[in-house]
Amino acid sequence: MRILAVNVNTTDAMTEMIGKQARSAAAPGTEIIALTPHFGAPSIEGNFESYLAAVAVMDRVVSYRGEYDAVILAGFGEHGREGLQELLDVPVVDITEAAAHTACLIGRTFSVVTTLDRAVPMIEDRLKLAGLASRCASVRASGLGVLDLDEAPSRTIDAVVAQAKAAVEFDRAEVIVLGCGGMAGIEHAIREATTVPVVDGVAAAVKLAETLVALRLSTSKVRSYAAPRPKSITRWPMTPPPT
Amino acid sequence: MRILAVNVNTTDAMTEMIGKQARSAAAPGTEIIALTPHFGAPSIEGNFESYLAAVAVMDRVVSYRGEYDAVILAGFGEHGREGLQELLDVPVVDITEAAAHTACLIGRTFSVVTTLDRAVPMIEDRLKLAGLASRCASVRASGLGVLDLDEAPSRTIDAVVAQAKAAVEFDRAEVIVLGCGGMAGIEHAIREATTVPVVDGVAAAVKLAETLVALRLSTSKVRSYAAPRPKSITRWPMTPPPT
Amino acid sequence: MRILAVNVNTTDAMTEMIGKQARSAAAPGTEIIALTPHFGAPSIEGNFESYLAAVAVMDRVVSYRGEYDAVILAGFGEHGREGLQELLDVPVVDITEAAAHTACLIGRTFSVVTTLDRAVPMIEDRLKLAGLASRCASVRASGLGVLDLDEAPSRTIDAVVAQAKAAVEFDRAEVIVLGCGGMAGIEHAIREATTVPVVDGVAAAVKLAETLVALRLSTSKVRSYAAPRPKSITRWPMTPPPT
Amino acid sequence: MRILAVNVNTTDAMTEMIGKQARSAAAPGTEIIALTPHFGAPSIEGNFESYLAAVAVMDRVVSYRGEYDAVILAGFGEHGREGLQELLDVPVVDITEAAAHTACLIGRTFSVVTTLDRAVPMIEDRLKLAGLASRCASVRASGLGVLDLDEAPSRTIDAVVAQAKAAVEFDRAEVIVLGCGGMAGIEHAIREATTVPVVDGVAAAVKLAETLVALRLSTSKVRSYAAPRPKSITRWPMTPPPT
Amino acid sequence: MRILAVNVNTTDAMTEMIGKQARSAAAPGTEIIALTPHFGAPSIEGNFESYLAAVAVMDRVVSYRGEYDAVILAGFGEHGREGLQELLDVPVVDITEAAAHTACLIGRTFSVVTTLDRAVPMIEDRLKLAGLASRCASVRASGLGVLDLDEAPSRTIDAVVAQAKAAVEFDRAEVIVLGCGGMAGIEHAIREATTVPVVDGVAAAVKLAETLVALRLSTSKVRSYAAPRPKSITRWPMTPPPT
Amino acid sequence: MRILAVNVNTTDAMTEMIGKQARSAAAPGTEIIALTPHFGAPSIEGNFESYLAAVAVMDRVVSYRGEYDAVILAGFGEHGREGLQELLDVPVVDITEAAAHTACLIGRTFSVVTTLDRAVPMIEDRLKLAGLASRCASVRASGLGVLDLDEAPSRTIDAVVAQAKAAVEFDRAEVIVLGCGGMAGIEHAIREATTVPVVDGVAAAVKLAETLVALRLSTSKVRSYAAPRPKSITRWPMTPPPT
């Protein structure tokens, strides 16, 4: 089985981290191809950047020449999953939803700890559309930007632990969801500090993608995610596939 | 006052129709500039096309050189309003929300009559995020594609009337909202056939944009729609402004 | 265009203030007629007084002899809008809803800052019925009675600013709505102190009433707000129109 | 124990019917005083009439000279309960809510069968504010006006049975609530025809009022229903108590 | 009239307390039979124990040989009411729901003060299923275990008062519901300390059971609570009735 | 990895079918142990039977002597998952929730097709508590009892297909969930007839259990599902483990 794990920003180091995390979760026999979009912002911290990333991710996948069995959208709280689902016949798993669904299986409520305060509404909106908001105790911001995360792991851990502890104590969260693709790898530290289970979206998405492939399930094409009607679209794909 | 009314698809005839409808609603002294995106699909009938349109609209506005006081996003049920709000200091009014807010002032419930069945979930999602879903009795599809609308006005009217009447009778709608920018101009025919008020989003958006400008109100910049952080973004804007 | 702006209490000074605020928002060519009910309480701070005001407002409008194009119900969180809509063919705009709809156009969430704690549930109920509660971050009380407001503007501003700042910081409000007709005129001070947009309901209602008139839209008469059936009603109108 | 059962319309025959129904439900030792408002409409079938009734009921109760232990507001879907709760120290029980609470104890869902289509939204709103809407499967109209009810009992029963059966079959109601004070007395016929339990609001309200008195419980005065602040109110009470 | 009040745990002292409280609320002529299950936990403080109690209560009622007119399920936040409703033709009243319905009649919001933190989610779930969650301001834990309650009444009162006061002040509760069958008898102390009405579920359930019996209403058998289909069930009842 | 798949009824043939279905979904290396409770009903079609099954399942698992890595609760819409989560340290996956979470990954909405009409409310309640109701388009009954299912596969398929097609057409479902453990094996037939993806809960639960084990995630023990406090419980476990 081959899974594409598509980063939403253009930072190669983050794509590598996502690939590494995905591989550590993958079953034997699952190959992970981590992709970086051909354009967009080096980190996604707002709606403008997220909409641009949605298109860049679709462009990246569409211009990919190999075969694959599933796609993971590796941006937390980002736009674009619905578009990919229309374009593809294979399953598309968004890490936000993958993490939330997984958290629901192991606790009555979960809290998301994310990066900047401005990402909170975006995540709340994605959870609302996914019908998962009622299980979400809170979305909390650590105050760190996306690219600050890997520069100072210990500072990241401290900031996330502080919010995670507050979520458990004040918001009555029973599970913590790491609210950024770039937080992969710190699950164990957060778990140790809070004693509650910690879910990373990239790992969860890999397993759920494997699950769908194993069950021979893929996106329903009956209405919301039917394939686009044939049209003459200007400048699409934006990045022509290599010849 | 100058308002940009941005079409979401690349069909110039529809841009003209939007401009005409906007002008007919505008107060004396309000100038309407109707814009067509530089790329994208000739009609938006799904999430992939809508995400692409969101970026194309942002690109079109950002590469526009003139001054303006407000922007109207003239695609019903489309993505992108949040991104524009981040990029601009002037008010941004989406026609979906403009129509829904206006309908709420004149009836207890409203129904949207749109084009294809596949547009229904997109519109429902936008209304849900806008917190307006509880006033929406139903979103119904006429079965006509976006570009079918202006080709056969009488067929359009018949198809919309049929769904509008069903909405009033079975879904208990008290107001009908026209669920496509391309339906502008048929309000009166629908109103006559159903006897309930009919709201066109483009006209409503013009008046609400004028309202915001008159009240010196614009998008709050405190959190959700704060300006993007300065970043080096690849290929942005996609269409460099003319020199 | 002529708009009736009807105060809900019997205090003439407040009617004047409402008229002044309405006029400052009105377009050239819009005439504002500010009316005081013929009976009721000097300030409305509870359900009993509000129900009485609902009837007094309907009585005042029904006994008004002139012509008019729209009516503004200038009591924040008050009862009565539905009754007026049944009695009249012209649009009726409630300042609570006008402010909330306007706030939704410029921020993801809004908070209302009102007078006494006991007004909070009434406002929450009106927003709930209007289907706007999900965008409302909080309704906060300044602790000042309705008639305390104009006696000490600076004290009013201080009390409202304190709650507005708390709403932005703790409740994550992005827009502040002034939750009393008598707060008209302090928008700018609150805006300066909080840096978020501030919406006054009277001004918003004037613009939305103008919008409806311009769009030739008025209350749907199909069900909820159909004209009352002809009946012999005892003591109605309560104040016979002058002969 | 003495309970005031206040009709909301001015039709004495309906007051008598309400009194009779209340007495048939009352415990030995409970005295029922049925009151007719001094003004208002002969039947309440809309918001204007309902607001007027709210004030007329408050006026009637306030001008009543005797002692009493509880008040029943005997109008289904009507305004006014909150105002009475502010004015009085004894419990106030609204028949809409009494019926709904009672229905919740004996079935998973209930449907209301009421008079005219235009009453449906009013009842839905009262249930929504009461937080009981999620248990309500539907509110259906029989098409009969309030005053048609007692003129032709068999026609009333047929019309109500038809809607009640539809509610059980199509809306999955498990209990039927009679949605008009004037439907008292036909419970048994509806029950026989549908085989599901049928709740009359007047009877339910009497028992719940007795329950509150027996438990020495009355309206909380801490916030929403605190007594009105002392004020000089013009024309109140509207009907001076007899000297 | 004879009412069975069934304790959910196996502690006889608590059964006695429940019986005493029920009798103090019962009308003259109502006989209370307090029953203890034949198996289960001495106190119910979690889902495992609650599910076991649900079966033990059904077993206790089914193996009871006498006649009775209604059953009260005297465990706050416990499972099992739906099963009893299927098995019996007489009304079944759960104290959680009885208290919540009663509280709704006398205040806009109520808070529950219960025992341990781990009971909070269970109570929230029961209120959610009962459709009463929107009126519930909060469920707060006093930190005392069920069996700690009667050992130290004054400590119980202090702990409950502290949470009740916090509920009124911070959660805007207007009524306090005692969230444990074992708290019966401290209503007056809590009421005095908080000045808001206090509802005990056992007392409320007795009155509501009497109400249903008086109104000749019982569980609808049309769908959710239809009698079980005849089946050969292994080991049921678990406790054979005495011969 | 070893997973216990626990049937909720006492019918061995159904346990076998569950085991077979689970094995067909399991990854190489995953061993499935299918267990039948020691007591209860031969099929679960109501709340009484479901509560009894909840206890019987807990009893069966507790009295099982072997080691295992996860438990699957193989009754659709049944009680008991919370109790098992308290008792065990390994993950517990309920097939209702497993199916619903899986369906959410491949369609915007899903419908459940179950057995008898009386099972519908139970399933709705479980989905409501799981916070998944907003994605559920409908729960429909095929009219077949649990034990009718395997007696006449073709009749089962016809009945399920009829409801599944109606769900897609009228309720706008995009995915069908098989609402009974005994429907395992007919996914392909339903899928072929409806063209939408079909999810079987047992298969989904196996993959999600494997997912949790692979991610080293298990139930949070911080509040809702903390281990029961040590107590002396009468008759527990009901079936002593074999010596």
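When the chains are written out, they are named A, B, C, D, E and F in that same order, and each has its own residue count from 1.
As a convention for this text, a residue touches a chain if its C-beta (ideal position, glycine included) is under 8 Å from a C-beta of that chain, and two chains touch if they have at least 3 such contacts.
Everything quoted here is computed from the prediction, not taken from an experiment.
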Of all chains present, which has the mean Cα position farthest from that of chain D? A
C-D, A-B or B-C checked against A-F; over half of contact pairs coincide for B-C
In whole angstrom, the CA-centroid distance of chain C from chain E equals 44
Between chain E and chain F, what's the gap in Å when you average each chain's C-alpha atoms? 29
Intercentroid distance (Cα basis), chain E paired with chain B, Å: 53
Junction residues of chain B, two or more chains touched: 108, 120-121, 172, 223-225
Contact footprint of chain D on chain E as seen in their complex: 25, 27, 91, 93, 97-98, 101-102, 104-109, 130-135, 168, 172, 174-175, 195-197, 199, 203-204, 207-208, 210-212, 214-215, 217-220, 222-225
In the complex, chain F touches chain E at residues 10, 38-43, 45-52, 54-55, 58, 79-80, 82-87, 117-118, 120-122, 125, 128-129, 145, 223-226, 228-229, 231-236, 238
